[in-house]
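A, B and C label the chains in the order they appear, each numbered from 1.
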Amino acid sequence: MCGIVGLFLKDKSLEPQLGTLLSEMLVTMTDRGPDSAGIAIYGADQNNLAKLTIQSPDPETDFAGLTDELRAAGISNASILPKSTHAVITVAADQIDATRKALGELRPNVRVMGTGSVMEIYKEVGLPKDVLERFKISDMSGTHGIGHTRMATESAVTTLGAHPFSTGLDQCLVHNGSLSNHNNLRRELSHQGIHMETENDSEVAAAYLTGEMAKGKNLGEALTSALDDLDGFFTFVVGTKSGFGVVRDPIACKPAVMAETDAYVAFGSEYRALVNLPGIEDARVWEPEPATVYFWEH
Amino acid sequence: MPVLDLATTELRALNASLHALDKNGENAEFEVINPRGAHAVAVGIDAPVDVHIKGSVGYYCAGMNETANITVHGHAGPGVAENMMSGKVVIKGDASQYAGATAHGGLLVIEGNASSRCGISMKGIDIVVKGNIGHMSAFMAQSGNLVVLGDAGDALGDSLYEARLFVRGKVKSLGADCIKKDMRPEHIELLGKLLSDAGITDVKPEEFTRYGSARQLYNFNIDNADAY
Amino acid sequence: MSHKHPVTTPRKSATFDDYTLSEIRRAAATGIYDIRGSGTKRKVPHFDDLLFLGASMSRYPLEGYREKCETSVTLGTRFAKKPIELKIPITIAGMSFGSLSGPAKEALGRGATLAGTSTTTGDGGMTEEERGHSETLVYQYLPSRYGMNPRDLKRADAIEIVIGQGAKPGGGGMLLGQKISDRVAHMRNLPKGIDQRSACRHPDWTGPDDLEIKIQELREITDWEKPIFIKVGGARPYYDVALAVKAGADVIVLDGMQGGTAATQEVFIEHVGQPTLACIRPAVKALQDMGMHRKVQLIVSGGIRNGADVAKALALGADAVSIGTAALVAIGDNDPKWEEDYNALGTTAGAYDDWHEGRDPAGITTQDADLMKRVDPIAAGRRLANYLKVMTLEAQTIARACGKNHVHNLEPEDLCALNIEAAAMAGVPLAGTSWIPGQGGF
């Protein structure tokens, strides 16, 4: 079980504070999830460039000399920004797949957390405040972001078990709840060739969405299919390149609170997560309806 | 009026002060400021004190309240006034899920909207909601009255026992064993009193529709299997 | 013609045995599932499949009498201002007034108090008799919330939040019309004589993250005095215990499939929930992995019958055990002296489990005024206390033989198993070998 936060900025002047605001929201949710935490930040579009967020259990060894090796492998403009156990590799926009392949060969222990033109994903074991501090999230700016803090239910507490799970370019998912048919779904998705790293039910949800979109659906349609195909209790918050989406299962027992002002749209598992947002006293505060897909986009 | 500031006072100390009040003494009045979505504010009170909470609260505000008058000048999170025994709780804003859950008595007034499962398992409480209520409200409601000036969501009164439901707006769908019932003079009178207790003067009992249990699920019958 | 040739011996089917055939006929006749009380009646791996090793050249026993073997246990040391001190590591499990008669509840309270231990209320709330006669009373907090109120919460000695029980992990309470008397109806706020429908989830929270907030509320209402227990059935013991710890429990009660109920569907009892023996090691491992063993206490229930079961549960890592069925037998349930009455109901002493019908010849699982008189609360209380003391003495005897001065010092290494299933479930070697099947993580 877990705590989820999300922030979508309408007011551009708040963008430099995105990391700080999201960090505060996430730390407030620590009680709901003491095991691990993760955050996805959507930053500025860098023309024709793309980012891969990678994670290594042995960052010093793995990140040393990596860009030289990538360039030697044909990824011409690779550059790297290490941040503790994670690093952001920036490459030309059309070289994401080639970079993944090269990484697989050069650094088999490194995991790709997410890819896209604007999204970076950071997640680790530990309390939210420690995870956020490790990656200096409060220094980051961006247009929107989602965060998650985890209380593991039926799978292990590991880095890979933490959320967000990436579902595609600039897309990722966080989940509060407990699915009940994820094992069957995992087997089906594996059979379709979709690879999952953990026993985590949330990873299956992310993989499911990826699978549906690979069949041609857009994210909204994939989330609508999820309401039929996924069983159990869930509140999903999905980050996309231009915004974020929210959906709750039809029974809707897991909490979800939204707040909107002229400056932002915010999501929290509890109202407490939203109290430090500017202008919250006058915000429109409401709860999303069950079995309904909501989207906010730039 | 004593002011308890949750920004500087521990929640435990706040509740302990409220628990220490003399049950027989004069009505004390308290103000609680800076709740900022905190949980379990003003729970387990059993003295006739007036508590004004300035701001929005988290889960279970006024839980198990007995005789106190508690007003939240803001929104309330899930489970407000859960298991209340007596007294009055007023929410000026909206209430989240499970408002008045399993409560035995007293009056809960929600001036905004209530969310899903309003009055779930209610056991004698009176709940008056000026706005709308969400799905699965009055699930397994055993006794008491739920009055809704706005609309009700799906599955109203699913698996209902003897609680009475009065809805002025539309009902999206009725739950198992919940049916429309006639408004008789005694219901008009009861509803009139509830509205008056809640300080509502601009609507009339005649504008409401009454819903209650069809009592078909009171004894197990295999032909009702679809309802289970 | 056929008698000219030899015929085979008539053979009944193991799959379609007599019981199964009778159940199919019953279902076809009535159109309703079979409802009964008690726990699983099937044979499943249990404590009898384990043995203690005892004293030898390398381990020396304690003498009786002077060389004490202590049995006390403290519950609720993690957060509660007033933990519970028990003289013996055996408590009386939650059973409702409603499923049991008033005199039966009183007998349980008297017996437990004489023995220095606690009783637990059930799905109907706290009665004055039980609070009056039970010196240490645990108050159950269930999905139905029948009779729940802050006054009883504040005068309880501990609060037990029920997620589930071994007989029906995922099922709610069940009480049929014949047992919803005036008094029961009043306590539960239900119309008299109806069949109670019960919720299976709590009304105002779902999931350990929200349970954590609920526990905070209960602690605030009771000024942090009372130990908070969480009770679960034998579903996913490793994860359930880890989550109970994360949600903030002081004590965890883990009830295996042998655990009884007053009434539920037979199919639930026999086919959902793991045997008690399979649950203990994973639960203890979860506590150990979190550094919480002995800091969050573990109470095991479901088929505890004698001091050997008590000692084995403690050896596997439990802090205490709880008894339900055994306590009822001690106060007179299924006693052969009522055999004529059992026969009249179509059954026999030892097999009677239609407790939901409210016609119990022993006067325990009934609300009938005449039948209830068959339990003399004082005499029955004495019997329960005797039984509890025997179990305690038996556990001490075993512990002394294993060289322990406190029953909590029993360890898994004091045990071996008679078969592979028990060895795997208990995580102890098969007798005569050093093999523990199934070691490979939970």
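Couple of notes before you dig in:
Operating definition for what follows: a contact is a pair of C-beta atoms (placed from the backbone, for glycine too) under 8 Å apart; a residue touches a chain by one contact, two chains touch by 3 or more.
Chains and their UniProt names: C = Glutamate synthase.
Treat the numbers as computed from the prediction; the structure is a model and nothing was measured.
Per-pair tallies of C-beta contacts place B-C first. Chain centres here are means of the Cα atoms, and by that rule the chain farthest away from subunit A is C.
In this assembly, the C-alpha centroid of subunit B lies 36 Å from the C-alpha centroid of subunit C. Between the CA-based centres of subunit A and subunit C the separation comes to 44 Å, rounded to the whole angstrom.
For subunit C, the set of residues touching two or more other chains reads 210, 213. Counting only residues that touch two or more partner chains, subunit B has 39, 58-59, 78, 97. Counting partner chains per residue, subunit A has residues 253, 255 touching two or more of them.
Listing the residues of subunit A that touch subunit C in their complex gives 1-3, 31-35, 151-154, 176-178, 233, 253-255, 269.
Those residues of subunit C that touch subunit B in the complex are listed here as 30-32, 144-145, 148-151, 153-154, 176-177, 189-191, 194-195, 197, 199, 203-205, 210, 213-214, 216-217, 220-224. Interface residues of subunit C facing subunit A in the complex, by the touch rule stated above, are 201, 206-210, 212-213, 236, 239, 242-243, 246. On subunit B, the positions that touch subunit C within their shared complex are 11-12, 15-16, 19, 39-40, 43-44, 46, 58-60, 63-64, 66, 78-79, 82-83, 85, 97-98, 101-102, 104, 117, 120-121, 123-124, 139-140, 142-143, 159, 161-162, 217-220, 222-223.
The touching residues of subunit B, counted against subunit A in their complex, run 36-39, 56, 58-59, 75, 77-78, 93-94, 96-97, 115-116, 134-135.
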